[in-house]
Every structure is written in structure tokens, then in C-alpha cells.
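Labels run A, B, C and D following the written order; every chain starts at residue 1.
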């Protein structure tokens, strides 16, 4: 498993320049990343964390997140994926067998079939980097990696962050390119665990660890705020003391 | 006229076999008290519309065999993982599944709320969500036919079923910022509501409370059910009963275990 | 980030020439303080979108020559009769008029709120309202082409301008049950708000206040303007200044009289 | 001028059997009629009076009235009319000259172009019964009297109540028929003051005055409730004391 603090820092770097970011439910690492990016931006990043009471300013019901995205008021959004393929397609529904009676059922598409179109900067995040997850072709397209010309889309996937590496996504080519590997990983280890083909650069950097400034923020304000929503995560990963409960 | 302060059993008796029921997500005011009463009553052939997702509530109703069709953007027990009865019944084809996406469910309810037959929605083009929805369509936008856009039909539930903090004796219900409950109620033919408690005054008299109040016009009946969302959490009033959820997941891994869960926590206790 | 506690003059300086401004009806939170400041500033070529009707506010802005286009379901001074400057300028063709109907304006704003290019709406077929709206269309309903239905395009104001009771120092604004203000704000690029007073706390911290709060994300700037709706009334805080309205109507019967009104009540007093 | 109490009673009778009625702004007589009908129905009529705080349960903003009508939750609605013609068309916009530069401008269509379709029982009410108002053909159609087959319409106009008489509207024929004349009016006086043609029955009843029970309700609960919104009307017309200010 990659160092979760490295993942938080990596996702936070991908939010640079955004004015607003929304984080879905059950997403402690993206949530912490958004809060870290807010600190790094001196507060000039508007963060909503679903499931939070305090980092959540919605007052128009469940539709407001999607309405805001439709208005162009959400610059960045994180998406997971039961399966992700080399064309950037994301499957949140199921795999094996025929829909709807898949052998393995995932929770469902949530808002992704809309958010993937309405949000300019979509960041895929899936810690489990294996051939089970990163497949040649998803069994069900919850969000397509790219859309034909003429289909309304404000942006879409810009990157895929896993427990092993960072991929950049090239929408024109509909193809990922390895951007950096996390400490301990290599070109070969990534290739061995990835079920789809992708490009590799000549120079392959290592994903940079959190800076000292980031670490201070993670253990201070980020930990304090994220603890409201993810107390066990904050305790286990950030600087709010020990916990023997599992990280959710 | 809303019927106020009836029993939870009487409340769910208003739901006929075959009704389409709209329910909120597990974190936003689920009436688990009414859900258990519904299982005890054994109402059959129900459709379930998750607004826009569900978890324990859908899983329990599916496991108990009440549901023949389900529309949802997702079904999950969150940190407790996949919904076991949902997953099992889906694989066995025991109900008709309509996968959706959150804003499509909101838009369909808003279409019903406004009395229009459909609502346009961005996104979706090129997804298998759309491919598996013969009831949706892609049209050229009326003001720019070269711009394709998806339209979804109005969603008109027979009943919106949910739990709220407070109702008054006229049947006005305080929902606070859970405005998806208002949309559900506007779209549904009627709303059946359990509440933590009754307010002696008139919620519409106070402009501050009125801002978060669903008018009684939409409400068919209200039953008082303290801790009515248990074992789910409810706003600031109480948190999720984590031990109970863990038990639920463990037992529901098999049909036999789920039957034991029902016996212990649903069928046994009339007041549970 | 919303700018908090700036002057009303600075607030209206944010409105560029040519902007489309959405305003509420006279009884629902009109910022007359900002309206007078706008007239003093002399911003030109403004479009006005009444949500869905207006009265004194539109009449004053039209009389002062700021408005080149107006969309409204009605313009009236209510018990004080026809809006004199509106009526005169319309007859003289001094601005482009788009007559609408209340739910079409709500639907157009909801289209913008949802980021869709249009919204369907029942009714309207066979009316001259529709006949005079080349920007609207009648289509066959996508799920029943034999069923004709009108579609209206999204309405995307540059600015929503209104008056509210309270804002906090983050720029959250309490609008209570005036939810059309939220829809306006969601649909508009930004909102400029005058308030009776500032709240020292955080409106979103209290679940009861939060239910009636517009989040700061939508708010560009807030100015404190006690009695900012005067001479109109504002919620329970103060009623309409009937003597002033009667004076307004009397003076505005002629262009010369209206000019005297402006001198006395708008242009003279910077703080008025 | 007709006795306003007679008009209130007449409009109230037209609401019999409704479950819900909505009354627009600046409509004291329809407002009082709705409240009287509620009393006559033992409370089993849901009344909203725009402009009222207490007889107004809207909490979803200005659109809720129209949304409710769209949902089929409003059974009856009152419409005025700058002009009304013999086909039941209503003009709320203007007359004389060409739109939009009419010689006489009315306030505008408000919600009528929708409500006239969505509400099953629309009651036209215009006190001023003259050839200026009741015209052969309106200059601008805010609401059409009838719609072709295939156009969605839940109902529409059922009656026109003026200061002189009650007309019933026959949607199949798109034509009014005189239903009763108010005390002091005759077939001839109505005909002389009506600019459109209409049918007349063989037996022409007089519009019945309020019953004693109605009068008691008007001077009691109806006056008390309507006074919140229309204090001068309540004082001048109903039983809440005298006033020398004009009735709005």
C-alpha cells in the first residue's frame, strides 16, 4: 500500500489553480487532498465534502451539487471506479456476466454520468492498482473517457492516481501516459499490474512526497477539519493521535 | 387533510400493493420504523425509487421480498460495503433494476413537480446507463438541433416515505435543508412521514421554521416514531448504530442469516 | 469570495453597462437602496429580468433611462395602478419588451440553474405571449410526439440583485422562504445583495437558519442597507410607505414630475 | 356597482366541490369568496391567498403556486381580464395599437398563460361589465378560451362573473351563456353592456343573494381572516367596522 499522505499530497497538487472542488462520500483521501489544497491556496479554494456538516454549504437539497456543476461552479471532482480502462472509461456498476445480473456488482454510477461531463477537471482515484481494476475494456461504461465532437462536455478526466503511480490522461488520444511512479514502484511493476496499454515518457520522475509545509498542514488544519467526517482516517493517517479502529 | 399522530402500522397500511415509493438516501431522513412496519405488513410488488441512492432501507425491503422494481443511482452500505440482499437478489433476477444517475432522478422528480412530461439533462451520452434505459431518449436540443441532449421522463411516485424531526398538528413537516424531501413530496401523489416528535405550534407561523417546512398539503399522514431512523443516524439527533450495522452485514451474508435478522429485529417486535 | 460590508455605491459599481439584472417582485426583497444607487451611477443599457414581475423598481429604472430591454410576466404598482414610466416608455418604444408568464421565467431560471439549454412548460399554446416570443419554440414531446409542448431557453442573468434580512461575515445570506431568490442566485453569474444587518455568527452553523440560507458561493458582494427596501415594504420588518408611493404615482404621471421625484429622492441624497 | 357581498357569495358558490383554490394578488372579492367557501365546506377546502402571510402555505418560492397547479393540486383559480371576448379569450396585456406599443397597457399576463391550462376550474371575474371590457375579440390573447384537441389542458374557464351577471362558459361551443342576472339588471341591460354575443336561457334566474348563514360567516371568520391581507376591504364591505379609505 502506498503512503496515504503521499496520495493526499499528489491529489492536492492536481487541484492547483482550481476555485472550487467537490468531494463525494466515503472519500477520506480526496477529502484530505481538497482541504490541503485549500490551505496551500490560502483559503482561495472552495471545498465541499459530502458527508460533512461543516465543510458542506449545500442548502438546496441533494440536487445542489449537480446543479452547481451544471452552472460551471465546480472546477474539480474526484471519481473512483470499480473498473477503469485504457480509454479512460469508468465502470461503477458491475462486471462479469450480463447487466444487470453481473457476477460482481458495484454500488452504482452515482452522479458520475453527469459530473464527468460537467466538471472540467475530473481526477480518477483508485488506490487498488491491479489488473482486476485497470482493465483493457470496462464491462459497463458509467462515464466515457472521451466524447465525440458535438457532445457537450466541459472537460473530463485529466489524471488517474493509484496506489502505484500517476497517469496523465490525453483526451485527444483517449489514452493514459505514465506521469510518475510512487516510491518503491518501477516502470515494470506498474506495467505488470496494469491491464491496459499506456504511454511511457523517456524520463520518469518519482511522485514527490509531501513537502515539510504540506506535512505541517496535514497534521494541523487538515487533520482537524477532516476528523469531523473521517475521524478514524484522521487518527490513523494524520496527526490526531492513534486509533485501533480500521480506516474507512 | 393530513392524518396526524396515527400509528406507524396505520401509516404503512396506506401503501397499497404495487405502489411506487420514493425514499431518501440512508443519511438524509430514512424512516426505518415505517420500513420495518412495511415488512411486517408484507405489502407486495412495490417499486422503490431511491432519491437518488439507498442502502440499508432498500436492502431490507429487497431481502424481505417486497420489491419488484428498483430505480437508483447507487445502492451501498457505505463503509459497510455492498448491500448483501440487493446484490444477491439482483444476481438472481428477483426484481427489475433501473440504474440511473443522481441528477437524472432529481430531474425526473422535478419534471413531476412542475407537471411536465420530461426534463433535459446534460451528460449521459455514450454511457451504458443511457444504453440500458429504453425509457430515456436523446434529442437534438430544440434551439440547436446539432446539440444532442438526453431527456428523462417525469418520475411520479405514489408515495414519498421519509423521517423528519418535527411535524405540527396541521401536518406541516420540518425538513430543514433536506430539500430533496420537498421535491420528493411535491412529485409524489402523497407523503407518509414519521417524525421524532410533534410540535404544539404552527411551523408556518414562525418565518425561520417556515423556511424549512414542507406544507401539510403534500402530506397524507404523520406518525410519531422516536428514533425512527434507527439503526441509521438522523441529523444531529443520533448517530448510526455501528454495532447493529455490522451485525446486519454479517447476518445478511446468507439468506438464512437475513431471515434470522428479520426475526430478531423486524418481525418480532411490533414496536421496533 | 464574497466582499462583505461594502458600500451600496461600491456594490452597484460591480454592475457593468449592458448587464442583465434579475430582480424579485416588489413584495419579495427588492433592494431599492441599490436601485437608487444604480440610478445615481447612471449605468446604461441594462437588461431587466423581473422574477417574475416587478413594479416600482422597474418603473424607476425605466424612467431614469437605464433599461434597454425588459422581460417580465407583469409590471404593476398593485393598488397604485399602472407603472407610469414603464407604460410611457413602452408606448414610446424606448426599450425592447418581452412579455412572459410567471412559470416561464421560473422555468428559464431553473434551466440555467441546472445547466441545461431549455426547459419544457405546459400551457401557452394558442396565446399571443407565445406568438410574440421568437426565442421560444413548440415541439412534440419526446415521449409522445403527438403531444405539443412549449420549450423556453435558459435565462442566465449576469447579476441577481436583491435585499435580504441578514448576511453573515462569510457572505451567506438568509432568505427564509423566499426561495425564488435562491433560484435567481443559482441561475445568475453572481448575486449582489443588500441586507438589513450583518449577523456575527455563521448562518450555516445553525440547522434552522441554514434551511433558509443562500450559501456565499453564489454571492459577489453584500452591503448593509437598513430599510433598504424602502419605500417598499420588507417582510415583517416594515410596511410599504403608502404616502411615498402615492407621491411617486402622482409625480411620475409626467416626465417632468418624474424628474422632480428623482431630484428629491434619488439623485439628491447619496445615502438615500 | 353590484353589492360586493353578492359577488363574494356568487364566486363562493362556484367553488363548491373543490379541494383547493388559489387566489392571486390584489383580489379581495375572490379572496373573501375562497374563505367563505372554506367555511361552507367545514374547512375541507385548502385556500391560498397571494399577498397573505397566514392564508399562504408556500415555502418553495414563487414557483410553488405554478408547480402545484402543474401537479394537479389546484382545483380552482380566479382570473381577471383587461379584455374578455365571447370565445372566452382573456387579454391581460394591452389594447389599441400594435403590441408591444399598445395605447392602453395592462400589467401583463402574470401566470395566466399557464394557470388557464393547468387548473380544471378557472373562474373569470371582472366587476366592470362594459363594452370596453367585454369585447367581440381581444387585442391580445393571454389565455385562449379553448384549445384544439391534443393540446394539454386540464380544464379551463367555467364561468365569468361580472358586476351585472353570471355567464356560464361552454367549452365545446366556445361561447358564453347568461346564467343569472344580479338584482337590478335585466336581459336588456346585460345585452346593452356586452360587446360580444352570447346565449340566453328561456328562464333567467336572478343571482341569489348571500344566505343568512353566508352573511354570518362573511361578517365573522371570513372578515377576520381577509382583514390580514385586505384590511380596508374587510372594513368597508364586511363586518369589521367602518373606514373612509378606498377599497383596494
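We adopt the following convention: a residue touches a chain if its C-beta (ideal position, glycine included) is under 8 Å from a C-beta of that chain, and two chains touch if they have at least 3 such contacts.
Being a predicted model, the structure only gives us computed values, none of them experimental.
When the partners of subunit A are compared with those of subunit B, the chains appearing in both lists are C. Comparing the chain pairs C-D and A-C, the larger number of C-beta pairs in contact belongs to C-D. Distance between chain centres (mean CA atoms), subunit C to subunit D: 28 Å. Look at where the CA atoms of subunit B average out and do the same for subunit D: the two points lie 40 Å apart.
Separation between the centroids of subunit A and subunit D, computed from CA atoms only, is 59 Å. Subunit D has residues 58-60, 63, 66-67, 70, 118 in contact with two or more other chains. Shared contact sites, meaning residues of subunit C that touch two or more other chains, fall at 103, 110, 114-116, 121-122, 147, 149, 177, 182, 210-212, 236. Chain pairs that touch one another: A-B, A-C, B-C, B-D, C-D.
Subunit C contributes residues 25, 27-28, 51-53, 72-76, 78-79, 82, 86-87, 90-93, 97, 99-104, 106, 110, 121-132, 146-149, 177-183, 236 to its touches with subunit D in the complex. Contacts from subunit B toward subunit D in the complex involve residues 1, 112-116, 172, 182, 186-187, 204, 210-217. Across the complex, subunit C is touched by residues 103, 107, 110, 114-122, 135, 137, 139, 141-144, 147, 149, 151, 153, 175-177, 207-212, 235-236 of subunit B.
On the subunit D side of its complex with subunit B, the touching residues are 20, 44, 46, 57-60, 63, 66-73, 118. Every residue of subunit A that touches subunit B in the complex is listed here, in rising order: 25-26, 51, 53, 58-63, 66-67, 70, 92-93, 97, 99-103, 105, 107-118, 140-144, 147-148, 150-152, 248.
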